[in-house]
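Each of the next two complexes has chain A plus one more chain, namely chain B in the first and chain C in the second.
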Partner chain A sequence: MDEITSVFVTESREQIAALESALLQLENSPGDDDTLNAIFRSAHTIKGGAGVIECSYIVAFTHVVENVLDRLREHAINADADLIALLLGCADHIGNLLGVLESGAPGPDAELAADGAALLARLQRDWLSDGGRGTGLPSVPPVLLEASGGGAVESDCWHISVRFGADVLRNGMDPLSFLRYLGSIGRIVHLETIADAMPEAAEMDPETCYLGFEISFASGADKAAIERVFDFVRDECTLNILPPHSRLSDFIALISTLPEDSMRLGEILVRIGALTQDELEDGLRQQTAAPAGGVESGEVPAAAPQPIGEILVERKVVQAELVDAAVARQKQVTEKKAAEARLIRIQADKLDRLIDLVGELVIAGASVNLLAGRTGVGELIEATSLTGRLVESIRDAALQLRMVQIGETFNRFHRVVRDTSREMGKEIELSISGGDTELDKSMVEKIGDPLMHLVRNAMDHGLELPAAREASGKPARGRLELNAFHDSGSIVIEVADDGAGLNRERILAKAVERGLAQPGQSLSDAEVYNLIFEPGFSTAEKVTNISGRGVGMDVVRRNIQGLRGSVDVSSEPGKGSRFAIRLPLTLAIIDGFLVGVGNAAYVIPLDSVVECIELDQDGGARDYVNLRGEVLPLVRLRQLFDIQGEPPARQNVVVVQYAGIKSGIVVDQLMGEFQTVIKPLGNLFRNIRGIGGSTILGSGEVALILDVQALVQRCASREAQRADGADAGRAFLAAAVP
Partner chain B sequence: MKTIFLVDDSATILLSISGVLSKAGYAVEKAPSALDALKTFQAGIKVDLLITDLNMPGMNGIDFIKEVRKLPAYRFLPILFLTTESQQSKKAEAKAAGASGWIVKPASAEELLNTIKLVIR
Partner chain C sequence: MPARRKNPHKLAIGEDLTIYHAAAQKQQFIDALAAAPEQLDIDLSGVAEIDTAGFQLLMLVKREARRLGKEARIVAHGEAVRELIEFYNVAADFGDPLLIPAHDA
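Our next item is the complex of A and B:
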């Protein structure tokens, strides 16, 4: 795919998204001009771009859609639910056509073409047929040339008579460029400048054009082509074009309609060879005998552009002030909108390269820092720490480049919710908050599918039919919430509904049936609810179109875990359920907290660190400490990773938090904050739980990055493991290596 | 070398027109919105021709042309606007705002260059 096509596809996909959301908005505020204009503009931009890349099937389809939108914009038709649904269908179809273009196929296949034809037929029949604009171009009446009958003049040249309008110069047009251009489509045989309108020097306005031309023009071009030269000034200039061998009476009529002295004009025509002297005398005699032109020969007062010009200028000043005020007022509104539109497109590869380089810079910086520290030279240390701070700022700015707001992803669901709720006969209101929460672009792309699954599930299984809702004392209209926010180094995306909630008994029964739980096993609500994420679990009694197609919540969880995230569910019977997806903030570089155990160094993501405390001497053997009256479970890294050697007399505890649960990580040394460039682990080590990645220290050594989520969850589930009688630490590691 | 300033919110159009113009030996300046372009004009950029789309979010092309015409340095600047067959009614409005002429989209490279030759030498 060449560059223009790829730009076109990207741009058009954005336009389709904009088109969709505007159409949905139109549903709430039909007839809103701004919305209608935005809709039209989107379709128009797509069609324009398609024309440029010569993608005829997109042009043809979008053209008809645009015609309908144009009528809508002019309020010739109204946007009812049918039309909006049809137009949404059209937007989908354009999306499909873009897919065809992307795939490199020469055109849509038969099925898609039939879909398109069906949509077009409906548009034509229902919305364009009542004598509207139709799809054709406005027909131009053919220019009829008068047949040269008797009395035709001898000259075989075209005769062009033009008087430029007073404002031509002020509109950025130079009469000379017209004449030059004319010269490029034929030969100017003779040209006479008519400066009769020119006033006295003192009265002359240098910005006003007073000139006209009589031109004898030899060319094989047709009349339309010659007229086209003057297209831009057509409305404000007086233009007469007479074909070769026109009738004498046409010339006489021309002379009489022009403002200049007839006699002098006649002489000019003779001089440039349009007429012979005989023809002129003949013609003027005819005219005097029968003044068909309606204008008497003789002195015709010259047009007086000067006073009009002055009045125009005066009037313009007044207008300018009015325009100024209006524009100033509009500016305040438009400036904000434009700020959103001020975007630069960059290839993602370039950004990734930049971030890679920044990563290397951070590592190199750490090395410099370390070496400077060893020298003990105060000034050098000072200078490197300044550099370090700048590198940190560069790192943040570079990472920020990859961040996009999740709002765009959320907005897709307006359409989904609308379509699905109609299909299921439910009334659902979608409420979105935190759309400005930013996360990595790559993550935004991958979170769409799991999110879609959760939303569909909530609509299908969560929210009840209006009658059932009313019966249980709730408003008929169900509520679906999408929410995003930051929480201790993670991004949380919530999908919540106010439906029936999860059914504990049914889930448990199903889990027992599927062997996911033991009969009689006592499980907390949270444990039961989380069973729905187990592979092979589905409680939907009938398979609907919307969900329950065999792709279960386990896939959702797996996708989210693939992004180093987690998903949890909480629910209250009769009140609804809430799914919370937690994702790490970024993938490339983080602020870390460096700790040492034995000879090894580990990095704990700083965002998850709450505080550091010293481990009491006597607390050496226990698996928990008393943290200001709270029980804080401990993870001993020395034990967990089977590190040889005796622990030092003084050990430290780093208190970390994930999803509201705190744990303590027991380490030998605290080594302070460290900018951490995350390097993925090799395939062999990728599945080790408790380790999230690796990084390179300033000394060139490798440090492992701890996966706080896994460690905290390990603490939470340790009781259960204990019950099974296994040694907690070893069981954990054994389970980790597949 | 003549400089042509191009304003369109469609990246596809910007890319394609500027390609044709550069190949024909013009220097091309581009802006994705009228407000961006207006800033450049207010800063006094030297151009020989302005080509602008009419239908753009933020400031539309017609208001933009009016604003440019108000700047003394551009009172005689040739200004062409991009339009389509279906937008004939906009022509008069744009002309009244101070436009010199128009280019009907989609235009072939030849049509485009011919129209430009009509307004700049």
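Our next item is the complex of A and C:
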């Protein structure tokens, strides 16, 4: 895919998102002019872009949508729920078409094309035809309703209009050969020879070419390919190419720019099937009917040729309109330029490369630092520490480039919530907060699916039907919250509902049935709730369209764990439940805290480090310490990783915190802060718990990065196990902690 | 089909209708048309090759005939001429009977 196409796809996807959110907005405030204009603009921008890259199928589809939007904008029809649903469907279809374009296929496959045709047919039947419903202003003559320059003409052929220059024959070029060649890239459906330019016999020079042709051309080729046919005579011919389903106004503009008599040309166009008689008359009538806004024929005929017969006597009106359109267009261009100045589009892989380089720079910097320290030269050490600080700033700035706000991801759910609530007959209000919280772009892309699952789950299982809600004294309208915030080096994304909450008994019963828990085992609420993340667990009594197909929460958890994150659920019966996804801010570089055990070095993410304390000599045997009156469970790395050798006389405890739970990691040495470039472990080590990755130290040695989350959970579950004190607990843990 | 008028004037073109002969042939056509009292029968059976310049001449003679209130008819033609007339889609305009080869029909 070339660059311009990929830019078009990206921008169009943004436009679709904008279109969608504006449509949803329209639902609440139908008839709001600003919203209507925004919707129209989005569709129009997509169509314009598609025209530039000559993607005819997107142009053709968007064009009809645009016509409907235009009628909407003119308040000729009113936006009701049906129309909005239909337009949302159209937006989806445009998205699919973009997918087709992206995949490099020449056009949509039969199924997609049929979908598109069905949508268009509905638009045409219900909203574009004059007899259609929703025609809010029946007194307005129909011609005004289609004042945007007319609907798409019916013909699905290219229209090529060519006038050969006088000298082509003399220069040894025969129009015939170009036209024959044209036939090789498509099918000439109809060709009309125009010899009007030929003077009377006396003046006629037999070596001069007087011919022109109007051609109706069926081809899958794009405009550039068609133009290439005429490359050799490009300077010596007047070539106009109209894509299939061009606007009537484009044809009218073409007619008026051509030298021949307009009425005759119109007839010729009808004859070759480019226009139907009705379309021609319609188009001409519309021109005189002083269209109200929206006409944007690219060419303003500078010196208007003869008026199109007597019909175009009111030529002035038309021209003023066209000039207005041209001014509006220029303004649009300027606005777009201004917006471009604020944003630069960069290909993601360039950014990735930059981050890679910064990573290497950090590693190399660490090495320089180490060597400088060994020399003991004060000035050198000072210089390297300055460099080090700058590298750190560069790192932060580079990572910042990848950060995007999560709001956009959240906003997608407006649509999902709207559609789903309708489908299920529930009333749901979506409230979004923390949309400006930033996280790594690669995360945003990957978090979409799990988030979608949680949202659907909350709507399907969490929120009750309005009647049930009223019966339990809650407002009929359910509330779904999406929230995001930063918390100690992680981003937390919450999905909360005020529904019925999780049913503890049912989950437990199911868990026992599946062998995930033992009957009679006493489990805390949190433990029970988290059972829903176990594979194959679905509490829905019936499988609905939305969720409950068995591919459930375990997939969500696995996806999130794949991002080095975690997901937790809390719930209160009758009040609702809250899912919290916790993700690291970035996947590439972190601030680490370097510790040593035996000969090896380990990195603890600095964000999770709370403090460091010295381990009492006598505390050597216990697995917990008294931290200012708090019990702090300990993880002994020496034991955990089975490291040989005697521990030093004084060991240290690094107190880490994750998701509100503290624990201590017992190490030999504290070696200080260290910028850590995360290198993933190979596939072989993927299932190792407690290690999050590796990094390279300045000395060239490899240090393992500790997965604080796993270590803390290990501590927490050990505590829980101890509290249970029963064998049953161990059996549960064996199943619950994979 | 209108009844054939009497003593049609005949013009047979023996060489190719291409730009190389266009100037001379134009004169030939115009002269023949001027000489013909009412009707000019043009025999193109000897034309093996025709290009756009030649085609323009045919258009010219047709139009000129109409202007003068006469009739110019192509009474015989070869494959090349037929093909071109069909390609340029003027068969209906010209109104001459075209001989369609059997394998095409």
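Keep in mind that, in the parts below, the second predicted complex is superposed on the first by the 507 of 738 C-alpha atoms of A that agree within 3 Å, B and C clash if a C-alpha of one lies under 4 Å from a C-alpha of the other, contacts with A are read in each partner's own complex, and residues count from 1 in each chain.
Just so we're on the same page, a contact is a pair of C-beta atoms (placed from the backbone, for glycine too) under 8 Å apart; a residue touches a chain by one contact, two chains touch by 3 or more.
Owing to the predicted nature of the structure, the values given are computational and were not obtained by experimental measurement.
Asker: Just to be sure I read the superposition right, which of the two partners does A:364 touch: chain B = first, chain C = second, or both, or neither?
Answerer: neither
Asker: For A:44, select first, second, both or neither according to whether it touches chain B, chain C, the two together, or no partner.
Answerer: first
Asker: In the overlaid three-chain picture, which partner chain does A:195 touch, first (chain B) or second (chain C), both, or neither?
Answerer: A:195 sits against chain C, while chain B stays out of touch.
Asker: Which partner does A:210 reach: the first (chain B), the second (chain C), both, or neither?
Answerer: In the superposition, A:210 contacts chain C only.
Asker: Examine A:169 and indicate which partner it touches, taking first as chain B and second as chain C; both and neither are also allowed.
Answerer: Both partners.
Asker: Quick one: is A:118 in contact with chain B, with chain C, with both, or with neither? Answer first, second, both or neither.
Answerer: neither
Asker: Tell me which of chain B and chain C touches more residues of chain A.
Answerer: Looking at chain B versus chain C, the one contacting more residues of chain A is B.
Asker: If you lay the two complexes on top of each other, which residues of chain A touch chain B in one and chain C in the other?
Answerer: 169-170, 174, 176, 180, 207
Asker: Note which residues of chain A are touching chain C in the complex, please.
Answerer: Residues 169-170, 174-176, 179-180, 190-193, 195, 198, 200-201, 204, 206-207, 209-211.
Asker: Show me the residue ranges of chain C that touch chain A in the complex, using the header's touch definition.
Answerer: 19, 22-23, 25-26, 30, 51-53, 55-57, 59-60, 63-64, 67, 84, 87-90
Asker: Can you name the residues of chain B that touch chain A in the complex?
Answerer: Spelled out, the residues of chain B in touch with chain A are 9-13, 15-16, 19, 32-33, 35-36, 55-59, 63, 66-67, 70, 75-79, 84-86, 88, 92, 95, 98-102, 105-106, 117-121.
Asker: Quick one: which bits of chain A touch chain B in the complex? Just the residue numbers, please.
Answerer: My answer: residues 3-4, 7-8, 10-11, 37-38, 40-41, 44-45, 48-49, 51-54, 66-67, 70, 133, 137-138, 169-174, 176-178, 180-181, 184, 207, 229, 231-232, 235, 320, 323, 327, 330, 334-335, 337-338, 341-343, 345.
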